[in-house]
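The two complexes that follow have subunit A in common; it is paired with subunit B in the first and with subunit C in the second.
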Partner chain A sequence: MNDLGLYLPGTSWVHRLPAGVKLAALVLLGVASILIDGVVTVTAGVALMLVLYGIAGFTPRLAWRQVKPLRWILLFIVAFQWWARGWQSAVDVVGVIVLLVLAAALVTLTTRTSALVDVIIAVLRPLRPLRVQPERVGLLIALGIRAVPIAAGFSNEVRDAQRARGLGASPRAYAAPLIVKSLRHADSVGEALVARGLD
Partner chain B sequence: MRSDDSQPGGSARWMAQVAIFAGVIAALGLVPALQLPGMPVPITLQTLGVMLAGSILGARKGAASVVLFLALVAIGLPLLAGGRGGLGVFATPSVGFLIGWPVAAFVIGWLTERRGAPYIIPWGIAFNVIGGIIVMYAFGLVGMMAVGGLTVGAAAIALLPFIPGDIVKAVLTALISKPVHASYPGLLPERPRPRRDADVEVG
Partner chain C sequence: MPVVEVSGVSHTFGEASARRTVLQDVDVRFDEQRVGIIGANGSGKSTFARLLNGLIVPTEGSVTVDGLTTARHGREIRRRVGFCFTDPDAQIVMPTVGEDVSFSLRSTDLTKEQIRIRVDDILGRFGLEGLVDHPSHLLSGGQKQLLALAAVLVTEPALVIMDEPTTLLDLRNAQMIGDVVAGLDTQVVLVTHHLDLLDRFDRVLVFDEARLVCDAPPGQAIDFYRRLMS
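After this line comes the complex of A and B, so read on.
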C-alpha cells in the first residue's frame, strides 16, 4: 500500500501531528484564503509553508514538484491578472493557489493513507442517522484501493492481447474488454463478500 | 432504481462494481497521453473513464465510483493522469473539473438509464456530450473563475484546446459502451415498449 501512495515517512512534528488536526488546519487555511490578500501576506504565507517543508525534512525541490504541473495554467493566470488588474493582483491570486497547493500537498506527504481513511470514517460517524454506514464506506475504500492494481493488471493483459493480435493502440479494442473483465471480476468479489456475511 | 440492492447480496455486488470501476478509471489514467492528429493538446483517457462510469454503471453507481476514485486520490494515491494525486490537486484551478466529474457521470448515467437497454450509439454520444462536456465544462469554468480569478472569456480561452479531445472521448465512450452492454447485460433497465406516434394520435 505504502509504495503506491505519496506519503513520505518521517519523524518531524509535522509527521506526528494527528491527521485530523492537519486536515482541520487545511480546511481553516482554505476558508481563510478568501481573506488572504496583499503581496506581503501572500509571500509570507508561501515562505512559511517552505519553512514547514524544511521542518518536515523536505527539500525546496520537493515543494517545487508539487507546483510544477500547474506552471502553464499559473502562467496564464499571471498574464491575465497582470493585464487586467495589475501585478499585485497576479501575485495575490497565484500566491494563494501556490500556498494552498503546497499546504494540501504537505498534509498528503506527511500523513499515512490509513490515517486519512480513519479520519473520513470518523467524520462520517455523526451521519449515521442519515443512513450513512461509515464501516461500509471504509470497506468500499479498501475495495477501491485493492481494485487499482487489479484493474491495472487487467489493463496490461488486454494490451498484451491487443498487441499479439496486431490491433495497434485502438482505445476501443482496449477499453471494452478491460471493462468487461473488470465487471466479471466484480461479480466474484461480490460473491466473496456475501460468503463472508455481507449482504 | 437500485433494484439489485433489495436482493440478497445486492449491496455487496453494488460495492464491488463501484470499487472495480474506480480501479478502471485509475487504469485508464495510467495509459500514456495520446497525441492524435489535428488535436491541439495530448488527450488522456482519464475523463474517458468518468464518462464510461456513467454510461456503463448508470447514475448512482457511476457517480459513486467517481467519488470513490477521487477519495483514493485525496488520501494520497497518485492516480490522476500524469501520476498526480493527494490533496493538493483539490486546491488547483482545475478543481472545478474534479467536482464536476461525479456530476457528469451522474447525468450521463441518468440519461443512459432512462434510454435503457439496448444501448444506442448516437443517443449515447448525445448523453456523453451533455454530461461529459456541457456539464463538466460548466463546473470546470466556474472553478477556473473562482480559483484563478479569471473572467468567463479568459477561462474559456484556457479550456478551448481541450474540447476537441473531449468530443473524441464522448464518441469513444459510446463506441466502447455498446459492446460492453452487449457482453455484460443487466446493467441498464430494459427499455419500455416504444410508443409509436400513431398510438399517440389515436389515443
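After this line comes the complex of A and C, so read on.
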C-alpha cells in the first residue's frame, strides 16, 4: 500500500536535506518548468530524478507508482499533443508533468510530514495579521496526507462490497456509500480532534 | 482520583418529530479507579461517555469533573480527561507513529528533545518501540489501538474514558488492550462488550433504553445485564 507518496524513513542525504531546502527546490523546479523544453533537456531531467530516487534507496518501480495514477490522462495528453503539434511537443509536455510529479513525490517520500508542516507554518507566519492561522493550515495539510490511505481503504471496501453483492461497476452505487463513509469519518475525526485538545 | 458527578441528566438529539431521548434522568457520582459501562447497542453508553469530557453537553442537568462543569469548562476538563474511541483510524491524525504521539504534546512548553524522550518512553511502554517513523496506516488493528491509547496517555490525564476500544479487535488483541488497561495507574471509565475485562473493576454501570438501570460491583452488574438480555 505504501505507494502513495507517504514518508518512507531512510538515511540518504536526500532524506537528511532540510525540509525547507527540499520544498524551495520543488518550488524553483515548478517555476523553471515553464522554461524547460526540448526532448534532450526533459529526458535528462527525468533521468536525473530517477537517479535521486536511487540515491534515496527507492526502486524505479516505486517511482513508476507515483506516476501510475496519472497514466490515462498522460496518454490522452500524448495523443493530443502528437496530433496537434508533433511528437517532440508530446514528449515535452508529458515529460515536464512526470518530472514535477516525481519531484513532489520524492519530497513527501523522504520528509516527515511534521517537518513539511513546520516549514509551511514558518512561511505563513508573516500572514498572521491577515488572520491566517499557520498552525491550522499546517494541521490541515497533515490531515490531508493522513486521509490518503484511509480514503483508499474506503474505496476498496466499497468496491469489494459491490462485487460481493454482484453489482457491476455502477458509478452511483460506488460514489454514494463512499461519500457516506467519508463524511462519517470526517465527523469522527472532528470529534477526536476536539477530544485531543483542539478547539 | 477525579470525582465525576452526573446530576439530573437527560439528553435528546434532534428537533420536533425527529426528537429522540437517548439518556433519561441519570444521576450518578463516582471516584473509583475502575468504572465499567455495559448495555445493549443504542442504550446510550457512548452518549454517556461523551458527557464526561464535555464532547456532548447534556440538554438537561449537569456533569462536573472535580467540581468543574463540562458546559462551561469543557476545554480545561478535556486537558485532564483523555478519550479513546472505538475506531483508532479516526483518532490517529498524523501519518507516522511518532508524529501522532507528539501531536498530543504540541501545545505544552516542552522542548523538541523533551518531547522526543516522552514519545520514546510511552512507545516503549506500549510495545511500539522502534516504530517511531512507521506509517500509522500500516500498523495492525491492535497496534493502532495501542498508538491511539499511547497518544492519549502521553499527556498524563487524570482520567481516561474508553468507548469500546476492543470492539474492532480480535480476541488476542482485545486481551492485550485489556492487559494494558489493567496496568494503568490513572482512573479509567471503560465502555465495553468484553465483559471479562471488567473482572477486577470497582464498579459497573448498566444502561438500558436511555436509563441507568444498575450500579453495582462487576459480578452483580454482569448478572443483572445477562438477565436483562435473556
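In the analysis below, the second predicted complex is superposed on the first by the 128 of 199 C-alpha atoms of A that agree within 3 Å, B and C clash if a C-alpha of one lies under 4 Å from a C-alpha of the other, contacts with A are read in each partner's own complex, and residues count from 1 in each chain.
FYI, a contact is a pair of C-beta atoms (placed from the backbone, for glycine too) under 8 Å apart; a residue touches a chain by one contact, two chains touch by 3 or more.
Since we're looking at a predicted model, the values are computed, not measured.
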| item | value |
| --- | --- |
| Subunit B or subunit C, by number of subunit A residues touched | B |
| Partner chain(s) touched by A:Ile145 [first = subunit B, second = subunit C, both, neither] | both |
| Touching partner for A:Thr113 - first (subunit B), second (subunit C), both, neither | both |
| Touched partner set for A:Pro9, first subunit B, second subunit C, both or neither | second |
| Which superposed partner A:His185 touches (first subunit B, second subunit C, both, neither) | both |
| Which superposed partner A:Ala56 touches (first subunit B, second subunit C, both, neither) | neither |
| Which of subunit B and subunit C A:Val194 touches, first, second, both or neither | both |
| First, second, both or neither for A:Leu70, with subunit B first and subunit C second | first |
| Those residues of subunit A which subunit B touches in one complex and subunit C touches in the other | 6-7, 113, 139, 143, 145-146, 149-150, 185, 189, 191, 193-194, 199 |
| Subunit B residues touching subunit A - in the complex, by the definition given at the top | 8-24, 26-28, 30-31, 34, 45, 48, 52, 56, 68-69, 71-72, 74-79, 82, 84-94, 147-151, 154, 158, 172, 175-176, 179-180, 183-184, 187 |
| Subunit C - residues contacting subunit A, complex | 53, 55, 74-75, 78-79, 82-83, 85, 87, 89-96, 99, 102-104, 107, 133-138, 151-152, 155 |
| Subunit C-facing residues of subunit A, complex | 1-2, 6-9, 112-114, 139, 142-143, 145-146, 149-150, 153, 185, 188-189, 191-197, 199 |
| For the subunit A and subunit B complex, residues of the former touching the latter | 4-7, 26, 30, 66, 69-70, 73, 76-77, 80-81, 84-85, 89, 93, 97, 100-105, 107-109, 111, 113, 116-117, 120, 136, 139-141, 143-152, 154-155, 169, 171-172, 174-176, 178-180, 182-187, 189-191, 193-194, 198-199 |
